[in-house]
Every structure is written in C-alpha cells, then in structure tokens.
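Should a chain be cited, it is by its letter among A, B and C, assigned in written order, with residues numbered from 1 in that chain.
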Amino acid sequence: MKNKKLLRQRRNAFWSALYAAVIYALFYIPVLVMIQFSFNDAKRNYSWEGFTTQWYGKLFSFGNHDLWESLVYSLAIAVAATVISVVVGVLGGIGLKKFEFRGKKFINLMLYVPIVVPEIVLAVSMLIIFMTVGIRLGMGTIVIGHCTFCIPYAVVTIKGRISGDNETLQEASMDLGANRVQTFWRVTIPSIMPGILSAAFLSFTLSIDDVIMSNMLASARQSTLPVLILSVNRTGITPDINALTTLMVLVMVAGMLVMSGLQRLRRKREAREMAEAEQRISTLRG
Amino acid sequence: MTAPKKRRNPLPAIAQAGPVSVWMVLFVTVPMLFIIYISFMSRGTFGGVEYTPTLTSYETLADVTYFAVILKSLQVAVVTTAVCLLLGYPFAYYIARKSADVASRLIMLLMIPLWTNSLMRLNAWMLLFQTNGPVNKALLALGIVQSPVKFIYTDGLVLLGLITNFLPFAVLPMYSSIEKLQKAMLEASADLGATPATTFRKVTLPLTFPGIFSAIILTFIPALGTYTITDMLGGGKVLYIGNIIKNQFGTIRNWPLGAALSVLLLLITALLIFLYSRFAKIEDMEVL
Amino acid sequence: MKKALSLILVLVMALTLVACGGQSATTPSGGEAAGSKELNIFMWSDYMSDDLVANFEQEYGIKVNLSYMNDNADSITKLTAGAGDGYDLIMTCDAYMESLINGGYLEQLDLSQIPNAKNINKAYWSEQNQGYCVPYLMNYIYVVYDTERCPIEITCYNDLIRPEMKGQIGSVDGARNLFPIALIALGYDPNSREESEIAEAYEWLVKYNENVVAYGSTETNMVNGTISCMLTYDGNTAEAMAQLGADNTLTVAPFTSDPVQLGFDLYVIPKGAQHMDAAYLFLNYICDAQVMADNLVENPYSCPNDAAVAAASEEYRNGPAFDFDYKTNVFFQEDVGDAITIYDKYYQMLKVG
C-alpha cells in the first residue's frame, strides 16, 4: 500500500517535471535559434547558410558603433527607469497600503491603466502632451514613458508583499524607540525586500524590451536597441544583432549566477552562525 | 484595509503616497483625458487633430467591419488567455510547490528569455517554421509530408507567438498566489478525506483566484492590444484592433478614430476590472 | 496644512520633471557662428553606408547622430506633433512633399549652399520640390518573380490577380503604394482623386489581397521559398538576388505597357532645425559623385544622381535587379490632397477584410 503510493508519487513527479521541461522548451527554443543564427554565414538572416564567427569579430572590432551605442543607451534607460520605478513604487506601495486619503481609490484605479491600455495609446498621448508643454524629446522622455508603465507593476508587486506582519513589526520597532525613518530603513525595507527585487526585475525586463514608447518618445540622437531591431527587421535581421543579443543574455545570466552564488554563500554563513549560536546556548545551558 | 487613522502628521502619507499619485495623475490621467477628448474631434487632413467637435469617429466605429475586427481580436485574445491559463496554472503550481530556493531559481529561468528582445524571439520562430526552414526539412526527411508546409503567416503561428510572449506574465501572478497557499491547509483538506480533485476544486482554486484573475488581465488585455506580434507573424494581412489603432496614429493618420478605438479598449478594460472587483478586492491583485 | 504641503510637493515634482525633460534637450545653439558640431538625422535604417557617415564625421569634425524610423508615417507623426525641430534632416518621400510644404513644416533650402546638387537629374527633382528637399535614392516598385516556381509569366498588373497566383505573392504595403497599381490595372490615373475610381481599385485590391501571402519582408520570403512573386523595391530585389547568388532564378517581370512606380526618398530640413549649417554640409556631401557612388555598393538602389551612377561600379550598373527596359515608363506618387482620406478609408476596409 505504502509502496504503491510512493510509486505513484514518483510517477507524478516524473510527469510534472516533464511538463515543466516542455514549457521551458517553449521559451528556450527561440532563444537557441536566435543564438544559432548569430553564427550564420550570410549578410542577412533569411535562412541558414553555414557557420561563421565573423559577426562576433565584427562586433568586437567596434566597426558597427550603432549597435553598441544603442545597447548602452537602452541599458542606461532601463537602469534609470528601474531605479525611479522602484523608489516611487516602494514608497507608493507602502503609502497606498498604509494610509487613507481622499482620491486613493482613484489612484489605485489609475495604476491599472498603464498595465491594461495598449501602449501605443499612452505613447502617442504622451508625445502630444510633451510637445504641447514644450518638453524636448530625449532620454528623459523615454525614461518617463518607461516609468509610467513600470511603476504600476512595481507598486502592485510591492503591495502584494506587505502583509499584516509588517504593521506589527513596525509598531514593535516604534515602541522600541526607533523613529519613523529608522523603522523605514531597518524594518520595513528589509521585510519587503523580495518584493523590491521582483519589482526591479520586472521593471528592468519591461524597459529593456520596450519598442513602442521608445520609438514615439525617442530623441533625435539615439535609438534604443529594440527600436533599431524593429527598423532593421524591415529588410531582414543581420546576424550581428543576434550576436549582440546573445552576448547580452550571456552577460545577464552570468550576473545572475554570481548573484545567486553570493546569496547562497551568505545563507550558508548565516546558517553556520545560527548553528554556532545554538551550540553556545546549549553549552551555556549544559 | 487598516482601520481609519487618527489625525496625525500628514508628512509621511504625502512622502510615501505622493510621488506615485502625482506621477499617475500627470502621466496617466492627463494623457487619458486627452485621448478621450480628441476622440470627439475631427481628423486633420494630414494627421493631427482639428479641434471641431464631432461624433464621426464613434459613428465609424459602429460600422460592421469594425465590429468584425473587434470580435476577431476578442476571439484571439480569449484563446490566447485560455491557453496561457491552462498551460500556466499547472506550471505555476509545479514551481510553487518547490522549495523557496529552487522556486526562485526556476522563476529566474523563466525570466531569462525575456531579456532577449521579443522581436528577435519572434524572428526565431519565423526562421524555424519558414518554408525551407528546419521544421519543414525535418518533416520532409521523415516523410511525414511530401511538400513543405506553409506554417508562416498562419493563425497558428500567430497564436504560438502570442502564447510564448504572454505565458510568463500569466505564470508569475498565479505562482505568487499559489506560493502563498498554506501547505497545511491542503494537508488538512486531504486528512479530512477530500480527494485531490475535491481539494483542488474546493480549496486550491478559490484561494488562488486572485492570481488567476490577475493572469487573465495581464494576458487578455495586452493580447487584445498587441500589434508587433500580429504584424510580424501575420504578414500584415490580418489586422487586429491593436494594428488598427497603430495605423490610425501612423499610416492612416486618423488620430480621432485611433483615440475612439482606444476609448473602446479602455471600456473593455473597465468592464473586466469591474468584474474583478465583484470577486475580489482590486488591491489584492498580484503580479509577482 | 495637509493641503498646502501636498500642493508644494506637487509643484516640486512638476518642476523636477520639467527640469529633467529640459536637461536632456540640447541647449539651443543660437549663435553658433563657429559651426555646429553635431547633426541629427532621422531616416530608414540600413539605407546609408557606415563608411559614408564615418568619412563625413572625419572630414568635417561633426558628430552624426542617426535615429531610425519604422514607417514613413513616423516622420510625419514627429513633424505634425511638433517634434521636428529635434532633427536637422528628416527623410521622407515625394508623396508627402506638397502637404509638408503647405503645412509649413519645412525650412526652405538655399541651393547655393549645395553646389553638388547640380549632379542630380532634374527629371527626378520637380521645380516646386527643389526649394525644400534633396533626393537621396529612388526606388522602382516593380514585379519580380521566380522563373522556376512562379506558375505563370507576369507581364502586367492584372496577371497578379489571376487565380493561379493564389498564395504566391509577397507585397509592399501602404495605401499609396497599392492603390496606384490597381488604378493603372483598371486604366485610371494612378493619382486619382475620384472616389468611384478608388472604390473600384479597392475591389481590384480585394482580389489581389487574396493572392498575397504577406505584406513586407518580401525578399526574406522570396529567398526562403514562401513566395514566388513579389511587388517590391529594386534595392530589395538586388539584396535577394545577391543572397541567392548562383542559384538566382529571379527575374524582373517583362512589363509591356503598364507603368511602374518610381518613388523617391528625400531629405528635408524640418522647421526650426538647430544645425542648419551641418545639414547643408551633409546634403552637399552626399550629392558628391564619388561619395554617392561608394554608397551605392552597400545600398544598390536606383539613384537620381547621374554623376554618381556614372562613377559607380560595373556590378552596380549591370545588376540584374536593374535589368529591365521600361525605366522611363514610370509614374510618380503625387500628393492627392484631401483625397488621402478616401484612400485611407478604402485601405482600412481592405485591411479589415
């Protein structure tokens, strides 16, 4: 009887893992194809013509400064948009959860508008309003545009992480004599850290891949990488773009691995310290 | 919701809720009001808007061709959303049942492909499925088909593009709400003699409903408004409401009509949010 | 108290934002007698060789900032929304010129500052446009088919709507590219302003649409075997033929009487441009015969610059994409004024299906 149950569990585990693998495949197949075509020996990626590494060579000879410039520009915008969105989002998430004020319902509703309205609509209306007010298009306007759809995601994510425990913790902190600012930095922020990380992650992801806002609110000087890709797509993607995107993914994955490695080290250290402390307590007791 | 606060120093409230409120009013409310406003104006011959009030745009919308487009767009968005939910829920469940450590890594694994440009991913699907592409070559070599199948520019490929693009955004909120489910509760249900199916139906599903509904909103509405995916994979032949809105602000240069179509989308959204608010508090909506 | 505070906060926020926006803009270069150090160009991507830009930058010490459009309408949207002054040169096409001039969106050109403009064939540069634009490259929009895969030989537009062609055609998009061929097929003026004629053209295009597999990406679809016939630009054909190399079985359709469209990509200086001097230098630079001849290697499109074509490589001049004998049997896209709304309406109907 017990054996049978174990067997069934094993079988279930196998099928569910297989299912997850299939879903992951759905996400990774295009990425792998994209990487494959960064080695395509053709001027444009119409079809596979043979293997070459020349595109990486071309990339690193910096002959195509357009690509690098637009990558740096996209990254700068994504970082700026992420920082602003997270700051405004953290404050807003806490504020909207904690305080009652007139118009709160309205703001809550407004937060869902950028999530649900087609981006082109927001982009065009922002373009016209910027023009009317006389704000020059540039990196600033793209960042504002990106923040406008990142902030709602940040607020919603962070609000989801604030639970009743936070309130109790905060009150405990204040009772223990910490002032509001100390409480904010030492108690509130650490307790919602996972939410903040998710928000940052989402904002960055949304910003780095945005085409529509970036196209409409773009400066005269620079195109972001996605906008460049969209315009190149008209005549056919060139393999050097695949090469650049491949490198980008590799760098990001490497960064992620380093971060998770550091995290694991820290967790190990904490566990060790905890164990030592427990041992000390038990020796004291003993 | 917290109990009403006593009157006290308003500074913290302003410092915290202020920036987001101002931002939303300046960059969301104002542009949206403006869109509603120009939807009641006339088109300028050469793009832009002539500020003479008219209902022309809405009269145009009443035309049966637009009705057909909206219906078709809704249909595609519904199918996309349904597939994303059906595929995404078990997947989210699978991740959420793992230990926190493994789960966070699996979520990362889900996000990595999103860092590659979405157009590049769509392009990869095209390369894979094109007439002399690897899929067709494999099918020919295996003798499954005699001549290449034309996959590209079909509704099927458009759907594949939509699903792979939106699935992560359906998984994240569902994962988030399944993860919060107390394991103890599921065990209690099982101990009380409920079959797994009953536990799922009576406990898991209702408790994860906010996540499911968030997933619906995060998939359905963007799928309804998208145009890059349908443009690229559909070959510009089949137009959905997103393409038409984009065209009004682009090649066709009828901004008021584009605005009116946007207002229509806003209304559909409002309806969805209203429905949501009947089932759950909107404040409980989750993203990740 | 609360209200006052929030009001102050709102004001501070608004000011910061405006400041942010202001910062990113260039400081207006009012009295730049010494000459501008930068030039902002808005154009198609992949349409001008990197070397040309690099050489210009080196020769004049001017940094060229290129940004790219995805659609001819992008430049129109920017201009009409009032964002034109962020650019010094904008690429547009001949069909929009009249409206752009009448709308007052463009700076009038001083041709004495562009001496090399004498190289440009005046047949391709109308009197009224001369004051406002400089033609860059030009495109024939013609029919190309694969002699091995295409079911029939194409000699006129009406062949495109024959039932045998179902699922064979790739096509350029856009109301003002599609309607003229239908109007010609029906024997009307390609720039007709008559609603009844445009409506008939719409009926023709419905049949055409049934045969079309995809709009855009014509050369990709041709090379990978998705289509066997395309209505496309000469430069794109050159790309496709080059990629096929020795396997090339594409041929320019031997049209006998139907004229083909000849379109121009032009540079205009938007009203309020901040680096006019640099814009003039650049316009003069690209009109230079050798500079343009070199540019044609990477961008094998037809060129209105006669001196450049004469100086261009054999390969360019004898390219199979330009091997057709009806080069003078062409029509131009003219500005159709208010009738554009009629075109838009029927184009919309065509796309909605």
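Keep this in mind: contacts are C-beta pairs under 8 Å (C-beta built on N, C-alpha and C of every residue); 3 or more make two chains touch, one makes a residue touch a chain.
What you are looking at is a predicted structure, and each value in this text was computed from that prediction instead of being measured.
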Chain whose average C-alpha position is farthest from chain B's own: C
Best-connected chain pair, where connection means C-beta pairs in contact: A-B
Chain centre separation in whole Å, for chain B relative to chain A (CA means): 17
Distance between the centres, which are taken as Cα means, of chain C and chain B, whole angstrom: 34
Chain A and chain C: spacing of chain centres that average the CA atoms, whole Å: 37
Of all residues in chain A, the ones touching two or more other chains: 47, 124, 128, 144, 230, 233
Multi-partner residues of chain B (at least 2 other chains): 18-19, 23, 130, 132-133, 249
Contacts with two or more other chains, residues of chain C listed in rising order: 17, 74, 77, 81, 216-217, 224
Residues on chain A engaged by chain C in the complex (per definition of touch): 42-44, 46-47, 63-64, 66, 124, 127-128, 130-133, 135-141, 143-144, 215-216, 218-223, 227-228, 230-236, 238
Parts of chain B lying in touch with chain C, wherever the complex brings them together: 10-11, 14, 18-19, 22-23, 26, 43-48, 65-66, 68-69, 130-133, 148, 150, 152-153, 235-239, 243-244, 247, 249-254
Residues of chain B defined as touching chain A within the complex: 1-2, 4-5, 12-13, 15-21, 23-25, 27-32, 34-35, 87, 90-91, 94-95, 105-106, 108-125, 127-128, 130, 132-134, 163-164, 167-168, 176, 217-218, 221-222, 224-228, 232, 242, 245-246, 249, 255, 258-259, 262, 265-266, 269, 272-273, 282-288
For the chain C and chain A complex, residues of the former touching the latter: 17-18, 20-26, 40, 42, 44-46, 50, 65-70, 74, 77, 81-83, 86-88, 216-217, 219-220, 223-224, 236, 239, 242-243
Chain B partner contacts - residues on chain C that touch it in the complex: 1-2, 5-6, 9-10, 13-14, 17, 71-74, 76-77, 80-81, 99, 103, 167, 173-175, 209, 212-217, 224-226, 337-338, 340-341, 344, 347-349, 351-353
